[in-house]
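So the structure is just underneath, and the comments pick up after that.
First chain written, first letter: the chains are A, B, C and D, and each begins at residue 1.
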Amino acid sequence: MGVFLKPDTSVKLGRLELKNPVMTASGTFGYALEFEPYMDVERLGAVVLKGLSLKPRDGNPPPRSCETPCGMLNSIGLQNVGVEAFIKEKLPRLKRLKTRVVANIFGETIIEYAEVARRLDSADGVDAVEVNISCPNVKKGGLSFGSDPSGAAKVVTAVRKATKLHVMTKLSPNVTDIRVMVRAVEDAGTDSISLINTIPGMAIDVERRRAVLSTVTGGLSGPAIRPIAVRMVWEAAKAATVPIVGIGGIVNARDALEFIMAGATAVEIGTANFLDPASAIAVVHGIEEYMRKNGVRTIKEITGAVN
Amino acid sequence: MSSATIINNSRLGGRFFRLSLRWKCGGVLPGQFVMLRVSNSLDPFLRRPFGIYDFSGDVLDILYKVVGKGTGMLSTLAPGTDVDILGPLGNGFPPAGKGKNPIMVAGGIGIAPFYLFAGEVKEGKPSLFYGAKGRDEVALLKDFKSRGLKLNIRVSTEDGSIGRKGLVTDILKERLGEDSVVYACGPAGMLKEVSNIARKRGVKCYVSLERAMACGIGVCLGCAVKTRKHPPASAYRMVCSDGPVFNGEEIDWGCF
Amino acid sequence: MGVFLKPDTSVKLGRLELKNPVMTASGTFGYALEFEPYMDVERLGAVVLKGLSLKPRDGNPPPRSCETPCGMLNSIGLQNVGVEAFIKEKLPRLKRLKTRVVANIFGETIIEYAEVARRLDSADGVDAVEVNISCPNVKKGGLSFGSDPSGAAKVVTAVRKATKLHVMTKLSPNVTDIRVMVRAVEDAGTDSISLINTIPGMAIDVERRRAVLSTVTGGLSGPAIRPIAVRMVWEAAKAATVPIVGIGGIVNARDALEFIMAGATAVEIGTANFLDPASAIAVVHGIEEYMRKNGVRTIKEITGAVN
Amino acid sequence: MSSATIINNSRLGGRFFRLSLRWKCGGVLPGQFVMLRVSNSLDPFLRRPFGIYDFSGDVLDILYKVVGKGTGMLSTLAPGTDVDILGPLGNGFPPAGKGKNPIMVAGGIGIAPFYLFAGEVKEGKPSLFYGAKGRDEVALLKDFKSRGLKLNIRVSTEDGSIGRKGLVTDILKERLGEDSVVYACGPAGMLKEVSNIARKRGVKCYVSLERAMACGIGVCLGCAVKTRKHPPASAYRMVCSDGPVFNGEEIDWGCF
């Protein structure tokens, strides 16, 4: 049984090997460097960076976030420095990190998506792009592609052509049948699929009689949405031939294992990074502990255990 | 992120409490804050930010007002309980500089960050103008008075129960000199007013802002305030990592 | 301002007048009589009863429910005594209640939906039928109609023909665009629309490496889903011409007011009945208190305040 | 639904605690239970069910084991704290009847409902067979011993540290007479085994079942167990309102 053997936590997303299945979720981990005071970032399977667009974006007016039961709403609106500034200012330091670096990309048009991917392709230091077609907080792009199979396919096709990097497509939960979206982006050539992005939601300040967020609606994240996310990952994993990355409300190793048993090859830790900046590394340790305790030698043994 | 043990957690009157935590850290700046998790439960979900009231090597003090679920739960925690703490965070108050007299303007619980700051003022004639609703809040001044600081304290209350009846900005208007530097902490409406008064007199004014916070470390981009600074940089600044202390003139008060 | 005047809490769902906007949600309030030890049931705006089908139904095998962060999953599967036994055994006592009685109905086929409605129409004592086309926990019927506009329209048309009672159609959140469903059931002649039913979700017991529920997936309810529900009610209210009844995670008056300000004419209290069997009545009192404190004389003044 | 005040909440050893609540109610039956909300927080979300250990007019006692978040939080509550309580709920144990000897079979924390029941046995020669993991659990017997009941107590432990080494069902097999009526509370596996043993000897057996519960009052239909009773009635019964005590023969153990 080799109970004292170090379990093998490595996983493969297509040809992309990760030392363990624990990634961070875009928009909740900055550019990763901000977390160096709190953990050894290199112990993570991969870091996924804040969404990048072709031009810098200001984001939405405040208030941009609020607490909800076991979760939060945000309507950041993809504030970011733009891909060029990223390549110049952040990438040189990220390159030296001994972990996988995934750039999350976004465009208002299909051409923009492809252009961001192309620039990251020629810059050195990024291992994969995560194509965000599921952001509920922007007027153009984002969810308008993510809830329509043919729109989604067009974006993925364009990005696929623009880069030789691993292409991961991030799906929105805001669809009637996730399997339709899975098939659409698979056919368009994605290498893997991550889900879920935040769920459109809204909170009202009843004293002021107005929406809490400046944008009225925002994206719901956190443990509140985990049962929905696990269900969608389970549905997606059964429908997909490419690897699935599970996201949504993971706070600890137990939660991460739910996604893995539902069929996810890897997971991303999002909002939990706000509760405790060392959350992601705690998940890495917790998964190792679970494997040791239960005599699980490789992650594969438990991947998709529930089907 | 690290754990601190409650030494004391007692009511000062009304809904105001003082929390003392045994906690080691390299040092703090006046005006910085910490984020506390008030329980292991996921409800309330996020950490709560609190200004640093006092710090002495390994004891951190916080002054807080019970306003909702999180602060309510905090007020029930007994000495000996461990709480999760993240910090110190944020920038803190810049010094007034040579030949300048610092004026601290506080509204209600906004008095909290000035205790540490008042103790560190090395130059000039510092003043503290305190605006309170009534007696309960004025009680928060006790520590300031018993400390033997050379601090010119003026009080106004809305109900007139103590000090001058009215708003603290009335005091400020009367006493603001050109050699002053203003530091303000309190409700957004008060900060805006203070900032306007200072601007009209051509006096520098630092405001300590509040926003609902998620991460506290500048990564979620949730605690944005709008500034008058324009492109190429984003007009938005983060209260947690660019602040909580801002130059009042920079703030676009429309976003509150 | 009449601060001491008793505020007028009455609302109208089409021609159906309720003494206040507080209803209970189907499946969480039994047949109402079970709650008499805990509150004066007649002080509620309306009671919505456990879902009824033509034939008695056994429901799904256990485990049928489990706790999730700020919510719960259930897969009861509409266990019920059937419409005939209901009419014989429960209705005589319900008739005497001085509040509105809404029967929640369900069928595996369109004909069954219509038949249940017809029988309730001829029995005396029911004020409205709530047509459940959104139950995620049954193999046939339910969500298979609720996530397809034309299926939904067919059910509503058939029920509409079968009864002169007020017809309320209960929508599922599991759709890409709720407004499409709103229009479909409006065109089919529904008198009002209630939403949301539970959201499909799933939990895994990582120690046993299997799904917690016997049916693998179930329906998520409780405060966790409230931001999603408020958003959908807001979207539906803007798209609809008939009154909207808001449901999802309401625990107290503040929560109920969120739905009303989002545009709901009335609300239903569901899972909160489990946390405290007197929850619904506390919401009635809380709304009155809010109105008094804020000088709101009629519910209409605040309905749809956020738009 | 109603509020009860904690009088005492102390550890009995290991992960076992006893909670005493000041609470008035019309009366309780042995085998009934209550549902507690362990905090005002929404996490943990649902109430937690606990058997009634003892009741005397206005004090209710509960014996509990810390197994997760809810019981963990319960164990930190200090005397004086109010907790929300719903109950008494469920059916309770039926009396053994004339000429019958009640045998109580308990596993671990399953001992809880038998304290009240043992005190109310008026006829026959009652026995308590207790199966424990080890010493910590055996400590739960102390009250039973010091009470001066005519109760034949037999103990087995899995580790053999006290009493007979092995399972409590071994004791039952040896000592089960035809004039017995069996009452069992403990893990589902044990209950199934006990029920089988009794059935083979033609002896009546009542089992107290556990299920995750939401409402506790029979309306959510969540706590179903499958029975061997078939149509026209549903094969499912609710642990909270039809139970928690069932005739062991009726249960379809496949559903555990």
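Quick note on the criterion: a contact is a pair of C-beta atoms (placed from the backbone, for glycine too) under 8 Å apart; a residue touches a chain by one contact, two chains touch by 3 or more.
Quick caveat: nothing in here was measured; it's all calculated off a predicted structure.
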Quiz item: What pair of chains has the most C-beta pairs in contact?
Solution: A-C
Quiz item: In angstrom, rounded to a whole number, how far apart do the mean CA points of chain B and chain C lie?
Solution: 46
Practice problem: Could you give the separation in Å between the centres of chain A and chain B, each centre being the mean of its C-alpha atoms? | Solution: 36
Practice problem: For chain D, jot down the residues that touch at least 2 other chains. | Solution: 42-44
Exercise. Would you mind listing the residues of chain A that make contact with two or more other chains?
Key: 68-71, 222-223
Quiz item: Connecting every touching chain pair, does the picture come out as line, ring, star, complete or other?
Solution: complete
Quiz item: Any idea which chain C residues touch chain B in the complex?
Solution: 69-70
Self-check item: chain C to chain A touching residues, read off their complex
Solution: 68-71, 73, 147, 174-177, 199-204, 206, 209-211, 216-217, 220, 222-228, 230-231, 234, 249, 254, 257-258, 261-262, 290, 302, 305-306
Quiz item: Considering the complex alone, what residue numbers of chain B touch chain D?
Solution: 39-44, 69, 73, 78
Quiz item: What residues on chain B touch chain A, complex-wise?
Solution: 1, 37, 42-47, 84, 86, 211-212, 214-226, 231-232, 234-236, 255
Quiz item: Which of the residues in chain B come into contact with chain C in the complex?
Solution: 42-43
